[in-house]
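The two complexes that follow have chain A in common; it is paired with chain B in the first and with chain C in the second.
And then the complex of A and B:
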């Protein structure tokens, strides 16, 4: 077999790639047939419900479970936080009840009596002064970059101060802004949890996870077995967004209860627990000074930010500041606030949406101060960016976005648009960047002598359409239809594939499946070549046949070609290692979003009229599914820009809106018109596959905030832009 | 600042479990209901039901004998006894719409409907809309890719079906104002709107 050169077919040659295909498991999901972890019912399973701590900071005293154990149907009570444990946030699980039914489990939970010793609570993550007084601050990372360097005899700190103040003196325009974004939760609709059973000494777990291949070790570590004794399955997962990478302590406890009782166990969190302890995104607040020259070119940035990642308080957001637009001279400083809240988890594009909303708002305020078009400021300042995408790509994407938004026609100076009754409209934009590296992935491809094709890969579908991507890549390479291939994913028994996090899955499975299929087809070409009297290099696989390129008469059917394998199937395994340079995938995308809003100055209500998202992602496997991901990301951006926030009682630390009726997410009627443009010129397509999940969720928040500012002529500083905050900002600015 | 407090469990919010506790669990587990079994569906006066009882529910055109307590929800019966897991438990208060099923053709939340209250009604779940021969709404969801993780999808499909049955000529605007009872965290709304409109235009309401 000749050395296989891995590559993608050109856009003209491709028969499957780049086509708008329905997702293969679409009907399974739409008819309710898809079985999620919550839906797996095992014979004789126990249902577990948990008692969660009502206090944000306390010490567990006595726990009385006698009454709970006496409830009819209760089989076992399991203590998670024994007496004297310090509880650091509301919702932490204290004890769990395993019972025959949900009703009995809930009744058991209600009968557990716990004494708590109350401790000091602090949850005001937006109040740096109070946090300092309370001793809840921790220095986070800072960074300074200046074009000029101190001379040998100058003190570095002194030089920094002097240089920064010199640059501000040189600035024609200085924006002094305050911006922020509240903590939100992941709020996966399928809560975190597991349905599991012991089969002898082996643990079989259905886990709601975005990390099928690498959660077995988490169970094994905690249960003092080895990873080969644990199988994890997840055919379908009801949302993850960065919060479902591990078994979690309740998953481990579920396995312990199953061991103890000798029964299968189903333990899924209740909705309020899901919001309190199963994933949140850190908040961020910043005071910014941005200096610019006569032309509106930013020359210096100086920021002091704070926010909370929960009780551990370590920072993170500051590393992305100032976001994409980065003057040659900048200083950023940050303080982490330790709050009595669960530790934050990765949330789709970790740190980027917050950083974007806390820095590109300042650039828009610069445009407002100068009385010029924000588009011009955002275009001009592409001269100084820190991004994994090239400035030229943003230029083209901005032009496309402006056309789709009809920007030139609709734009007006900040606060100077026409008013209809109490309604004013405005436009805003922002840009983003992301990596999207292809994760490590292995694929086992088996081709049977009768022509049957099956693939195995320990990846998962978090909503991306992973099965469909695998099938499309195999179908393209083998010259078959997607329906002719059986794709198997969602089990740790299959060859390892990385977690679905950081926009790494489509790249990962495209790599491993393309490589496996190219290796396999090369072997089949070697067998078919002598039969067809040509060199294997002259062959192609297309339309269910293996034949001579450009000569349809000299070919074998797929089944005939596979028959040449003899009695045993052909098995190929292929592998891609994250970070390896490859012709099939690349790293680094940009993207531009523009928002059009209508704001009612009397009620403070902001309505989305239109949002335009222009996005590059290298080579696009399936435009239909890619567009879906962007629609979804944009709607999540609308969510954190206008609606969702975690509301904590400043006194007790209670999470006040931890039910879906109170935790406001956008509804179908809230989204306005969304226009998606996939930017795929040959220069981008030839880079190969790049991940898409994160980038389009990033810049919508800043774009919406900027649009509201353009409408009102007043900055509403903190996201989400609730009606009260809009009215407060107007009042403070003396507009009403 | 330390002080002691005794807590029997939750102190904030009103969860279904607390509501149901009041409604029927425990030693005083009672529920006012029509007389079960033989006189089912007929007005034969009120009766008090304690503990477990066997009742008959009409689900997807078939009569099922199921064992329920007064506190048992329709959703629990569907999911644990009939293995109809299309309707999902997303929120205890029913505000997500993920447990939407049809009762005599009208959308209800199975998560906030007691099983006893479902007696005498024709319950139709997403499974009842057809698997071998799926409802046009389910097909439209696939064609317009109105699903990502898919967890909200079955409830959404049922809600759209019920909405279009009532509003077969619905406009874009009516769809946007009439389908706000279902939450999708992945953000599929834009394609749900397209799917629903395609049914109206294609006459897929049967």
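And then the complex of A and C:
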């Protein structure tokens, strides 16, 4: 076999890649035939329900489970937080009841009596002063970068302060802004949970996870077995967004209960538990000074930021500040606030949406202060960015976005647009960046002598369309249709593939599947070449045939070609290791989003009219699915921009809106028009595949905030922009 | 959810026999859009659930009596009301039903059930009682969606019904029957509601063995009406504040008017002051706004809900303009 050189076909040559294809599993998902973890029920299973702590900070005293154990149908009561445990947030699970029915489990939960010793509560993550008084602050990361170095005559300690104040003195315009973004939850439609059973000493788990290949060891570690004794399955996931990487303590407890009772166990969190303990995105608030020259070029940024990741209080967002747009001189300082809330988890593009909403709002306020078009300020300041994408790509993307938005026609200076009744409209924009490296991935490809093709990969589909991507890559390479290929994913017994986090999945599986298929087809070419009387290099696989390039008459059908394998199937495994340089994938994307909103000044209600998302992602496997990813991301951006917030009782720390009736999300009528443009010039396509899942969720929040500010001429500082906040901001500005 | 006994009576006599004289022991089940959630969270824990949907006397939309009033059965579903041609002149009612924005909800929820929805106050729903520690939890806590009117006592929640303001503005009455078939009382719909002062009291005057059987809607051909809800989003979430206005117009002069607000007080709130501003006046933006101001003149906002004064004021003025078929100038016009 000749040495295989991995590559993608050109756009002209590609028969499957780059084509708008439906999801292979779209129909089973739409009809309900697809089995999610929540749909899995095992014979003789017990249902587990848990008692969660009603207090945000307390110590567990006694736990009395006698009455619970006596409830008819209750089989076992499992203590998760034994007496004397300190509970740090509301919703932490204290004890679990396994029963024959859900009703009996709930009745058992209601009969558990727990004594708690109350401890002090602090949840006001937006109130730095109160947090300081309460002793709930911790220094987070800071950084200063200045173009000028201190001279020999200057005191090094004083230099930073003096230089920053000199730069502000030099600035023609100084924006002094306050911006923020509340904590939100992952709010997975399918809550976290598992259905599992022991088969002898082996554990078989159906887990709602975005990490099929690497949760077996999580179970194994906790249960003191080895990972080969654990099988994890997940065919479909009802939302993860970064919150479903691990078995979680309730998953481990489910396995312990199954062991203890000798029965299969099903344990899915209740809705309010899902919101309280199964994932949240940290908040951020910032006071900013941004100095710019008379052209509107930012020359200095100075920020003091705070916020909370829950009870651990560690930071993170500050590392991305100021976001993408970064003047040559900047200082960022941050304080972390420890609140009685669950520890945050990765949420779609961790830290970026918050950093974007706390940085690019200041740039928009600069445009407002100067009375100039925000587009010009955003374009000009591309001269100073910190991004994994190039400035010239953003330039092109901004131009495309402006055209799709009809920006020039619609633009008006901040607060100076026409009012119709009490409705004013506005435009805003923001830009983002992301990595999207291809994760480590292995693929086992088996080609049968009868022409059958099957692949195995321990990856998962968190909404990406992973199955379809695998099938398209294999189909392209083998010259077949996607339907001719059986793609197997969703089991830890398949070759390892990385977690779906960091927008790494499409890169990962297209790497491993392309490599496996190229290796396999090279072997088939080697067998077919003598039959066709040519060198294997002269062959191609196309339209279900293996034949000589440019000579349709000299070819074998796919089945004939595979028949040359003899009696045994051809098995190929291929792998890609994250971070390895590859011709098939790359890192670093950018995107631009522009929002058009209407605001009712009398009620504070904001409505989306249109959102334009321009995005590059290198080579696009399936534009239809890529667009679909962006629609989802944009909807999630609209959600956190206008609706979503975790509301905690300031005194008790109770999570007040931990039900979907109160945890507000946008509905179809709230979305407006979404226009997606995939930016794929040859210069980007030739970079190979780059991940997409996260980046398009980043800049929508800032863009919407800027559009509302453009409409009103008043900044509503903290996301989400609820009617209350809009009206409060207008009142403070003296507008109403 | 606790175990409970389930009953499905066919007529009112059977229904009344199934009711307990003790509050909370029996709960009536209409569409179940509210009750089931409350039971799952053990906010209500009835021993017996009585499904009223098959009770003959609670069905139908018909004309009754000499006055030609419309009689709306309490078990009639909201989508049936929405589709009913005889209700076409009652704009306020149709607006309010449409405002629920969910086909599933409209197909499931009954008129009686909607009027008697329990408050969505998050302290109540978290098991702290309707008054949440004599209102203290709300005062110390988060009151963004709570009452701005009628909140001087311990009750700070807002009434949950979205149809009540419309029906009250339209002059509807409630027919209550029980404990026997002979025990009947007819109340103005606004009198069905009360502001509880002690924990354990509910937000309506229904006795434990009494049933809301019908809503009586007077037919007045010269009345035009509308409901205006200020909603955060297009979903089925309750509005931030709402108002319904029913106007008797002669030309463009208001001869009589009734205005009721929703989601601003522990009860649906009749704003007689607002009506007074417009009676005798030709309808205009100016008088509608004056009515809005009058409706909230005595508002006493809590720590987090001053914005609701503005929202309620706008809801009133826009409901009046919409009732008079004039442009409101805002969304959802």
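The definition used in the following text is that the second predicted complex is superposed on the first by the 732 of 736 C-alpha atoms of A that agree within 3 Å, B and C clash if a C-alpha of one lies under 4 Å from a C-alpha of the other, contacts with A are read in each partner's own complex, and residues count from 1 in each chain.
Everything that follows uses one rule, which is that a residue touches a chain if its C-beta (ideal position, glycine included) is under 8 Å from a C-beta of that chain, and two chains touch if they have at least 3 such contacts.
Just so it is clear, the model here is predicted, and its values are computed rather than measured.
Judged by the touch definition given at the top, the superposed model places A:383 against neither chain B nor chain C.
When the two structures are aligned on the shared chain, A:659 is found in touch with chain B and with chain C. Applying the stated contact rule after C-alpha superposition, one finds that A:187 touches chain B and leaves chain C untouched. When both complexes are overlaid on chain A, the residue A:735 reaches neither chain B nor chain C.
With both structures placed on the common chain, the touch criterion links A:668 to chain B and to chain C. When the two structures are aligned on the shared chain, A:106 is found in touch with chain B and with chain C.
Of the two partner chains, chain B is the only one that A:119 touches; chain C does not reach it. Note on chain A: of its two partners chain C and chain B, the one contacting more of its residues is B.
Residue overlap on chain A between the chain B contacts of one complex and the chain C contacts of the other covers 54, 103, 106-107, 110, 654, 656, 659, 661, 665-669. Across the complex, chain A is touched by residues 1-13, 15, 17-18, 20-21, 25-26, 69, 71-72, 76, 79-80, 83-93, 95-96, 98, 125-127, 129-131, 134, 138-139, 141-143, 145, 147-154, 157, 175-177, 179-193 of chain B. Those residues of chain A lying in contact with chain C across their complex are 54, 103, 106-107, 110, 420-423, 598, 600, 602-605, 607, 642-643, 647-652, 654, 656-657, 659, 661-662, 664-670, 722-724, 727-728, 731, 736. In the complex of the two chains, the chain C residues touching chain A come out as 1-3, 37, 40, 42, 101, 120, 122-123, 125-127, 137, 140-142, 144, 230-237, 240, 304-307, 310-311, 314, 327-331, 333. Residues of chain A that touch chain B in their complex: 22-23, 25-27, 29-36, 38-39, 41, 49, 51-52, 54-55, 61, 101-103, 106-107, 109-120, 187-190, 236-241, 268, 270-272, 462-465, 624-625, 627-629, 631-636, 639, 654-656, 658-661, 665-669, 671, 674.
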